[in-house]
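A, B, C and D label the chains in the order they appear, each numbered from 1.
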Amino acid sequence: MWPYITPGIADDLFERLPGIPMTQREIRLLILSHLRLTPTSVLWDVGAGTGTIPVEVGLICPQGKILAIERDEEVVGLIRRNCDRFGVKNVQIIEGSAPECLGEIKSVPDRVCIEGGRSVKAILQAVWQYLQPNGRVVTTAASLETLYQISESFSSLQVRNIEVVQASVNRLQKRGNSQVLVGCDPVFVMSGEKMDD
Amino acid sequence: MWPYITPGIADDLFERLPGIPMTQREIRLLILSHLRLTPTSVLWDVGAGTGTIPVEVGLICPQGKILAIERDEEVVGLIRRNCDRFGVKNVQIIEGSAPECLGEIKSVPDRVCIEGGRSVKAILQAVWQYLQPNGRVVTTAASLETLYQISESFSSLQVRNIEVVQASVNRLQKRGNSQVLVGCDPVFVMSGEKMDD
Amino acid sequence: MWPYITPGIADDLFERLPGIPMTQREIRLLILSHLRLTPTSVLWDVGAGTGTIPVEVGLICPQGKILAIERDEEVVGLIRRNCDRFGVKNVQIIEGSAPECLGEIKSVPDRVCIEGGRSVKAILQAVWQYLQPNGRVVTTAASLETLYQISESFSSLQVRNIEVVQASVNRLQKRGNSQVLVGCDPVFVMSGEKMDD
Amino acid sequence: MWPYITPGIADDLFERLPGIPMTQREIRLLILSHLRLTPTSVLWDVGAGTGTIPVEVGLICPQGKILAIERDEEVVGLIRRNCDRFGVKNVQIIEGSAPECLGEIKSVPDRVCIEGGRSVKAILQAVWQYLQPNGRVVTTAASLETLYQISESFSSLQVRNIEVVQASVNRLQKRGNSQVLVGCDPVFVMSGEKMDD
């Protein structure tokens, strides 16, 4: 399905379910870049949605380990099918609600990606205890409320080397007979590191 | 309906028809600014669509004259109803297809706005003959093809003081329970002047 | 200098001082639109900087009254010279530091624009007491901190009909021999109304 | 220097020379994604500038081969030093002016990246003869002229599966005491494939 070693799988190659959010290719590229993966990274992906991040990380990082946390049973199936579709074998899906279910996960993460979830604040707080020293956390925000909550959490958790990027990408798309520039919803990608104690 | 002297009427105050394009408020602000209207401007608005530009110009410029050119009979009715809704009296609607119908218009323009139309090139070419010296033309482009055509036309017509601006505006909008930033399709606004011979 | 009745004065027509911020044309258009001025509006402009908003409002609103609040003596002179340059007579400049100096202003505002200032929160809080019922406040934010503070203030002051827009405008500019698209720094424009008690 | 397996090296890790353009991280991510590299890709990078693309591809693609074409002797040295800095060994720098020098290159490319050069049209035309069937070409455009030229060339060369994306990224950056959103210049990334004959 994706014989390339560079990330950025075309959006329409993923199976989708109506109402389930999918992280667009251009935002995925930013998330992956902010994750700064190593060959043996252990990634927790909270609120994995369509599963695009687990699939991309699985392909880039065949010796790594991805734990996708997702509360919705139907969405769990979707993530699994998308992993199968791309031949990704190192994704383990945890059906559960974050932050409650996080304590049960055996593998300690050095990378955390928070794509969704009821309360970003509570998830960040919980995740931070498990994240290894020098580990990295990457979050996305589409709303100002989420942006504020992440900012506050980053500050109170003393996240260091914080980077904030807002991407708005225009794509040339067919509309009727002509190709028009179509704007994508702008997303904030925020990342940082845990201090080495 | 709009007791204010500043432009930028809220989009949802206009009557709309499905499939008929409407120039969004933020793009309208740019168009109006690039038009640089005077109190007695005569504006040709080609491809007037929902009629937002005629309405805004009618309100700002009560002593001016707006000629809205629109080929679709149903859309002509829409423009008329939107003018009535805002109490705008100085808009004359010409039902016809540009550039063919332009020769029949009695009032010579010092301002031209091209919001749509089959062939921007042919319209620009034709309009240029009628535009008064020191007159201004403002066009919008959502596709790269239109962008190219306007560029080429501006160059061959020796349009001077060309300005090109591409606006992409994100609006905070309700989506479910949260307020997310929603991107609008980016539009190029291109304008210039006719040399004084 | 500006014989037009539409706002959007070209940036380079203003006198500037090094280090003094100037609100760019495209952002100015948004601010003016969010202000929704009436012919007799009384506007407080806090942190007026180069004076572009006082000048534009002075031209659009010759029967209105603009009170430009600015603490820096040198900048006060700049605002005055820019008003003179455009023949604007209805701008009164108050040299003072907001919010402390606000109590001395005789004219009660129905429109407030906050372009700058040490503490947006304190200024919003103070300004709100003077703002007339149904009056409007418009603020800009270039940093996330300011964005948060305005959001919180709007919420605690129960500002209604809140609108948030983030504009990022690309301009075609000469660079060497070619015309490249140059991005402007994105600014959030946030506005709302005071409830009629 | 960069122990990670994901692309997106921080801009300030590269050595720079004044006046020599550098492809920013976020644009680099898009270029790399559009290249769709395979483990053994042979990449021609025309107008390599600071050498960020050769470095990133060298790291992702250790079994691949990168040929960086650059006419300026000083810039050739810069690319070499940046490759050394990141321990990249599979970049060969060709000091020469494209398209003239292309005929001397021994390795036939399956990927071409055009980051700069006097005439994009002539370079695209020449490069196309060498590009292997099913090979991919990726170009960037900062000016409308370049955009037009690439569009025309893509059309006349019958490039297939064309994708056009315009990225404008805002970064949170320190300015004085506060963190403001700073816009990057928007760049068009255009890519496509050569038909399999």
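Going forward, contacts are C-beta pairs under 8 Å (C-beta built on N, C-alpha and C of every residue); 3 or more make two chains touch, one makes a residue touch a chain.
In this text, all values refer to a predicted model and were calculated from it rather than measured experimentally.
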| item | value |
| --- | --- |
| Farthest chain (mean CA position) relative to subunit B | A |
| Result of counting contacting C-beta pairs for B-C and A-B, higher pair | B-C |
| Centroid spacing, where centroids are CA-atom means, of subunit A and subunit B in whole angstrom | 42 |
| Separation of mean Cα positions, subunit C and subunit A [Å, integer] | 39 |
| Distance between the centres, which are taken as Cα means, of subunit C and subunit B, whole angstrom | 27 |
| Residues of subunit D engaged with two or more neighbouring chains | 144, 164, 166, 168, 170, 172, 179, 181, 186 |
| Pairwise touch network: line, ring, star, complete, or other | complete |
| Complex interface listing, subunit B residues touching subunit D | 144, 147-148, 151, 164, 166, 168, 186 |
| Subunit D - residues contacting subunit A, complex | 3-8, 25-26, 29-30, 32-39, 60-61, 163-172, 179, 181 |
| Subunit B partner contacts - residues on subunit A that touch it in the complex | 142-146, 168, 170, 172, 178-186 |
